[in-house]
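Letters A, B and C mark the chains in the order given here, with residues in each chain numbered from 1 onward.
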Amino acid sequence: MTTEAVVATVHESVDTRTPLRICGNSTWLGAGRPVRADKTLSLQSDSGVTEYVPGDLTLTARAGTSLAEIQHVAKGNDQWLPLDPYGSESGTIGATIATASAGPLSATFGLPRDLLLGLQFVNGSGDVVRAGGKVVKNVAGFDLSRLLTGSWGTLGVITEVTVRLYARPRSDRTFVVPLTGSLVEQASVIQAMYVALSPFALQLLGVTVVRALGLGELPVALVRLGGNEAVVDAQLKALAKITKPGEIESEVWGTLRELEGSAPSVIRISSMPMRMIGTAARILAEEVPGVYTTIDPRRGVMRVAAGIESEGSEIETDVVNFDDLKSGEGSTEIIFEKLPAELWSRVSPSVVADPLSRGIKKAYDPFNILNPGILGD
Amino acid sequence: MPGCALPGTPLADALPGINACVHCGFCLQACPTYLNLEDENDSPRGRIFLMRSLLEGTVGPNDPSVKEHIDQCLGCRACEPVCPSGVPYGQLLEATRATLREHQSISPIARLILFVFARPWLLRPAMFFSRILAATPIPTVLSGLKGRLGFAMAMLASTGRSIERARYDVRSRGERGKVATLRGCVMDGLFGATNRATNRVLEVNGYRVVDAPGQQCCGALHAHAGDLENARKLARRNIAAFERSGAEFIAVNAAGCGAIMKEYGHLLKDDPEWRDRALAIGSRVRDISELLAAAGPRVGGPLPMRVTYQAPCHLQHAQRVTQAPLTMLAAIPGLELVPLHDSDQCCGSAGIYNLIEPDTSDAVLEPKLANIRATHASWVATGNPGCLMQIGAGLIRADMGAKAIHPVDLLDASYAAYGQ
Amino acid sequence: MTQPSASTQRASVSARLADIVGERHVLSRPSELLVYNSDGLPGYRRQPSIAVFPGSREETIAVVRLLAEEELPFVPRGAGTGLSGGALADDIIVVGLHRLKKILSLDIDNRRATVEPGVVNLRLNRHVAPLGLLYAPDPSSEAACTIGGNIAENAGGPHCLKYGVTLNHVHAMTVVLPSGEVVELGSRTGERDGYDLRGAFIGSEGCFGVALDVTVRLTPKPQTVRTLLADFTSVDDAARVTSAIIASGIVPAALEFMDGPTIRVVEDSIYAAGYPRDAEAVLLIELDGIEAGVDADLEVVRRICLDGGARNVKVARDDIERAKLWQGRKKAFGAMGRLAPHLIVQDAVIPRTKLPEILQTIHAISEKHGVLVCNVFHAGDGNLHPNIAYSADNAEESKRVHKAMTEIMNACIDAGGSITGEHGVGLDKMGYMESIFPASSLNAMCELRSVFDPGRRSNPGKVVPVHSCKEWHGVKSARETSAATVPPPLAAEPSRPVAQ
């Protein structure tokens, strides 16, 4: 698959008015999103790193390149792409950008939109559009890169992506902190970590997740400290002042990302960091079989993966009490990442129904052939 | 290459200064009139643009909006320290006003004031009546009136509100050198006590004070208003008087006067006979705070009071003297110095500006009073008669308990307390 | 009935605008509009027809709605410190947002602030500094530029090397679209699904509407800051050291480059920072973060500098010394006013590994054309700012200068770079857009703009050359003239008068 082949496929679809389902490694299909398509356009074979200048810390890859391959190439120069979306490393860079998927590292290194320097896409009329560039700072023209990020393939088929890399930290260690004591005590430990540390990642894990990871029977905080040795040592000292951390293998992060695997429902709830910290202890203590809860306090995001052990079960919206988050001043945003197919239309209204989004969709995909319906109508 | 629309004018001479402006806009936030009037025509960058346009001929010297915006400039020169390309804004403003004077009349009040200040035989009686007036309750009663008359009366009333202090004797050995003081018109007329205090504190700190008879108004008000002719006339007389005094330093307790006297060299740069003499005198001029700070100054008796300090523009921006007045106040035991928010912003006095552009002046004064209120200070120290009267009047009219005072008076009171 | 004349129409619009904002805040006399005919790049001048300065959110909405009703084009303007001619209005209306200068709310715990668009960048920073927070984007014009203008240009600054540009620090905005409709972009309380309209709006150079309020992210102040000055006798050495530091993986908070001519201009100015006058280049390097880690990195950086040929590496002892080193850098652009009456400044970005060869190329171009190029730039991101000081009154010199700058820009484009890293395209760089983007990209940009502003009335004639827009051919515009002409890159400046 090449850009030309994508163009040809899009042209053909325009001529025959055949909507396309756009896939990388097809990982997201499990999200159950309601795409009305008769044909699949897979970019899986369009893979490979096309340009990598280690001294510039920039890398360009075809959309079908897996995250694992990018990490492998970068590792040769002691560099990495600090992008760790939930799911497996076999997911493609194109899909990661298209779905704006992010993981525990994002509170420090940024969301996909922050690591993206430029991209190439084919719009719904078959035009090849280049956005952004290959340099780390660029304000030339309107920002189409950001527009395409998280657009779930509805505005264009991403064919190539340029991202910024970082040097691998000299030290990268992970610690587990059990959350014990009263809810108030737990909240104060969480807040102290929020204020005192600058970790690579900080995740709070509910009991079900902890058990699945074999880390015990209590909610825990998972802390990833990275940088030069002096930074890690200083942070570890600061952490030890707050609580008693125990070191574990960094592989736990990969396991955590893949844990929710076949869960039919994943919801992301976001709010102000302090609000999340205030309610975190209560939410994490809530032990619901088949429901995995993780919280990133710095990003103010909670992930709830439901229905893991009882396959085929429908999401029960009352499994976690969201009232704490929804009530009072300041509101909450809820994003449905994954749902059983039949629930989409019921729980998630269209997220692109506003006039501006509709206008953009119409301009970039006038025949509505790119992933129609995936974000609602 | 287009020609110059106003050849041979002071503005045309100032072109290199105008050309130094790269239009970066760093001056905007330093400018009190821009912050209050919110129009770039009332900013340094805007006014320089108008000056340039005058030379280009895109606006004429009779254009009413040019006059309005140039008139509205306080001349506080707060834009100068923040200008990376070193535009000599104060000089450009004077050149512009001088050029426009040939085409546009200045306001009757301004003309009257400048006329009086240039003539000692008129100035002395005027100040005499002002002083008598200030000593009666009339100004205080009238200060509540609306409009300019009320404000002018409040200014007068404020001059009668200094600090009480005992008399003390001082005899100086004069080891720090011979100093002639500028009496100054307003200082001499309305702040005589401060002038006497100035002499005393100089002597306490080892300076020998000598007289410089023949001195007159410094010419600052005239130069700011573009009346360069009279400003130069006055400057020449002062240069001669201070040369005769044989003093090593010329002490000035009015920041506005000190600023122009330090720049006599520029004022008379085209006068071959006087240029070098002007430069020589200018280099001997010191603000009173500079001389005192150089001497320590000596620590006095305790004055347990809460004081805040407002930096006069012509001390801070024009003379770039910032630390010396604080050093002076630090020599007073028990005095609690509370920082004033935005103390580097103009109070709106600006020479005679508060009498001829009252609305803008009030707009600039308002936030200043609010900031003073927030300090809960009972005294506002500032070393310039215009600022003393502007702030003093504002405090009276706003019915605030605080009073404005010259830092010299505070130091003098401290020395008096020491003597007891 | 005859058509009302242009001046009658102008008078009636002025009167209606004055009803909204008050007479004092509408300018229509040509002599008062002069100062609004340029921004921070006075080489371009365009005279607006009217300038209006709303004083509140409601007034701003009312103004934009009136202009929508009358189908009048307009240009939003902040403090006019931009360096691309982006805020110029060619015989159309300027809407100045500088009076909207309130900090609306501050949430210390959640580290965010909501401000009006006219709030000056440095004022926001002064406001939050006592709380141990900072607003990271710090363009060199921070003392004057507004947050609204920063949004329009997606402004950067020296510290965006580590902290990112405006885009990375804005959560949400309320925007009045050119149609008068008010929309929320982004989310103040969390993360939102759907198209990133917030991301699309940031950097849209005033073409998508007017921001009414902006919720920004605040960053905790770093525990420790260390500022180093490394001086070199060779530009090439300094360039190689820059690449070596980046390649080492250390991410400095800032990595700034000044060449010999710049050093000497700065040292002549009131911001003399103590840079060695005989150096051919200095690097100003800042490291921040946790003290122990910073000190470890500092040793690595110092070693790279010394091994790479630095004569001397000086570390600022305290905040005063640090501030002084930075003043020199931040005011360098203004200080160039001392060299010659006119200045061209560019903003190209190149891959960082190409720095040594591009600086050599720039040197060769400047020799060839006999011009003096001052290079002062964000070396860490490869964001070059070649400045040429000259006299526009000398036609022959102007020609050489413009020719040299065009060659420099083309060399940067050929190196795989971009034409602007932080100043925006505006009028100045529009002529280069076709050299870095294919027609399809430019058309896609036009289409995006048309969604936000179908009548293309907001800042017409900027960013994307109008002939690149397929759909705009044949569309009737409110003002053909303002959008129709694309100036050639680096159009010659109008000359200034000289004393006689």
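What we mean here is this: a residue touches a chain if its C-beta (ideal position, glycine included) is under 8 Å from a C-beta of that chain, and two chains touch if they have at least 3 such contacts.
Predicted, not measured: the structure shown is a model, and the values here were computed from it.
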Comparing each chain's Cα average against the average over all protein Cα atoms, the nearest is chain C
Does B-C or A-C have the larger number of C-beta pairs in contact? A-C
Using mean Cα positions as chain centres, tell me which chain lies farthest from chain C. B
Starting from the mean Cα coordinates of chain A and chain B, work out the distance between those two points in Å. 63
Between chain B and chain C, what distance separates the C-alpha centroids? Give it in angstrom. 38
Roughly how many whole angstrom separate the Cα centroids of chain A and chain C? 31
Chain B touches which residues of chain C in the complex? 24-25, 27, 29, 31-32, 34-36, 38-42, 53, 55, 79-81, 98-99, 120, 122-123, 141, 143-145, 269-271, 331-338, 341, 343, 393, 495-500
Touching residues on chain C, where the partner in the complex is chain A: 107, 109-111, 153-154, 156, 160, 164-165, 167-168, 181, 183, 187, 189-197, 199-200, 202-204, 207, 243, 246-251, 289-293, 295-297, 349-353, 378, 381-383, 416-425, 429, 433, 436-438, 440-445, 447-452, 463-464
In their shared complex, chain C is touched by residues of chain A numbered 53-58, 78-79, 100, 110, 113-114, 123, 127-131, 133-144, 146-147, 149-151, 155, 166-168, 198, 227-231, 233-235, 268-275, 299-301, 330-333, 335-336, 351-352, 354-357, 359-360, 363-364, 375
How about chain B: which of its residues touch chain C in the complex? 1-5, 7-8, 12-13, 15, 19-29, 38-41, 43, 45-46, 49-50, 52-53, 55-59, 63, 65-66, 69, 81-87
